[in-house]
């Protein structure tokens, strides 16, 4: 368990100083993720136990393997974080994706797709391209 | 071959009216993608043949299955497009992902991850969370 | 109850055609919001009942008056939606804010602040301004 | 008065070294805000006195209490800055909001709303939800 | 003078129905821009005369030829609008840039640069590239 | 040739340790740009030689003077990078623009336009302004 406690807007809440409801979430995070480390992200939002609990419960449900496997989900998380220029999130989710099996080759292809998508997103918008009839959504269409 | 030709900033260039260098790219797109349809996106940027060629060559190279399969790459494309609020790109790449095998269940999980990542990207930034020592990048670290 | 059912990627799920778990959420939405209308947003994500439930439970908890009143929360929602250029969200949350008491004068001031913040966000980044010592966060600092 | 003068693209302009037109703006900032400190932001854009003056006059007019109070306006500023991932702006406007009366509880609720709005903005876009008839704007509608 | 008056959140204010302070701004816009048309943008924000006046005075000052000519400024406006996916702004500023002399060839190169910049912005962030010593800003450095 | 080699997700690849295909690109970069320095950006993406080559070939083609001169293109690059809050890109392209002839006066006007565009992008979206008939694109319209 590390001991940063001086940073972030409201400070970071370590396990030792956490109230029971926060400890319960920390325990669940460490159990589900098979780690004995709580990231600064959780320690920061733990200042608002309701947000801590809600965010963890949502992430636990969403990131669990389902129709998509855990690695694919982590790479999507990285794609969003890179698009948003969120430094913390790029660092933490690149680490998570690596832990879930992302190789340097996968990372490189992920970055290439993210870069390209950000480029063509602007070409499509800038040229004011109208949506093709064939792409219009519809219940029957999927 | 559809015939929209009235829209987009510089108009859309149909196959019939395209100069040889544009037709060559259109032919390659249709061959590689096994389709007889050219999307409005390509018809719009065809007004600049250099951009058409460069963009197609890049996309062909990037989207080809490699360390990541075609479906995963299309879903990453959707994740970026949704994060950027690019209407055209969401419509076209959702269609591409579906064609590459994305089921409604996969789409739903993709959206859940994209939504969650966009949420926690802001919690991390808003709480001004410092990057954990453990996440700092390094050549040896991968 | 309106009857759009032809749009959105996976279509819209009307109350009549909804499975029990979706109806339960719809019933709670209508009860909490004192309305007999379900927005297209909920009807679209209802294709994924887990996301419908989780999103509604989160929004219900987050938007409930607390340290901030309901109107302030709705105006913050509008501020984010405008910054992100999300057409649907601007329309729906402007309507919600109006319902919660936002007057045209409040809306105009909200827009002025959102516009100004988006401007100075870029001046600060573009001039590469270093954070003042006085603004550095810290647990004791709040 | 602090003395950073080595940073930012064009450097920072301290009061001592400022030309009269810049000093006049600095004086007004310190008077209106009842402080003897000029933030790095102002010192950076002071390299362009026209932008300094225009930006200060606009902010002074916009942030003045009106239909919305000063605290609400500062929290909206934070919401935009967090959505845009602007590090400087998050730090400085969180400090301003705190000075205007934002408690840790208010900050936590503000973050929860900003996070949620960023999530549902993407769900609405990703599911390609059509705007409800009821949300369409109109002069009479407000 | 066109007569749309049914759209936008607070409706559009036509010249005929405008109070004197709004008419004065409209008159100045038409004089400076040598046109007899007021765009929907101005008619929409005219609901808040203070924002109308402030925005117009700022734009008039900023867009006036100086160290950069009018066409370059309009193309920068387009670059920002495309990056932000602002449909209205892309349409209106592409028209303004065209009026200021932008040729189709210039537009095509503008789009290519905007697309590329959006791509490499993400590669730089995604690969977590540290800023080169040589790029660090400094007063003496410019 | 500097020697950072400890940073970035996959580390930085110095000339000495680069495989022949990477050295060939580095040689071309230094020749085209008349410099003996390779930026961290190139050293980071050099971990994926295909992306390095493709990105360099694209940038070389796009940034070459054409209908727009080199300085204008660099300033557009800065405008996009500032809008996206990409720290690395703001630093590196501000340096490039300066090298291409951008004066402090030009930089200041560039920032003013970028800031203003980001502001009015949100006012247009927030007021839900409908696109003027006169701005609708069309092939004949350019």
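The letters A, B, C, D, E and F name the chains in turn, as written, and every chain counts its residues from 1.
Operating definition for what follows: a contact is a pair of C-beta atoms (placed from the backbone, for glycine too) under 8 Å apart; a residue touches a chain by one contact, two chains touch by 3 or more.
What you see is a predicted model; the values in this text were computed from it and never measured.
Common neighbours of chain C and chain E under the contact definition above: A, B, D, F. Farthest chain from chain F, judged by C-alpha centroids: C.
Placing every chain at the mean of its C-alpha atoms, the farthest one from chain E is found to be A.
Here A-E and B-C are compared, and the pair linked by more C-beta contacts is A-E.
Between the Cα centres of chain B and chain D there is a gap of 34 Å. Look at where the CA atoms of chain E average out and do the same for chain F: the two points lie 21 Å apart.
Here the CA centre of chain D is 27 Å from the CA centre of chain F. Residue positions 7-10, 45, 47, 50-51, 55, 58, 62, 83-87, 91, 94, 104, 107-112, 114-116, 118-121, 123, 125-128, 137, 142 of chain C are each in touch with at least two other chains. Note for the complex: chain E touches chain A at residues 78, 82-83, 85, 87, 90-91, 94, 110-111, 114-116, 118-123, 125-128. The touching residues of chain A, counted against chain D in their complex, run 9-10, 45, 47-48, 50-51, 55, 84-86, 137.
Put simply, chain C touches chain E in their complex at residues 85, 94, 104, 107-109, 111-112, 115, 128. Within the complex formed with chain F, the residues of chain B that make contact are 5-12, 50, 54, 58, 61-62, 137-140, 142.
For chain F in complex with chain E, the touching residues are 2, 4, 7-10, 37, 39-41, 44-45, 47, 51, 55, 58-59, 62-63, 66-68, 72-73, 75-77, 79-81, 83-84, 86-89, 91-95, 98, 103-110, 112-114, 116-121, 123-137, 142.
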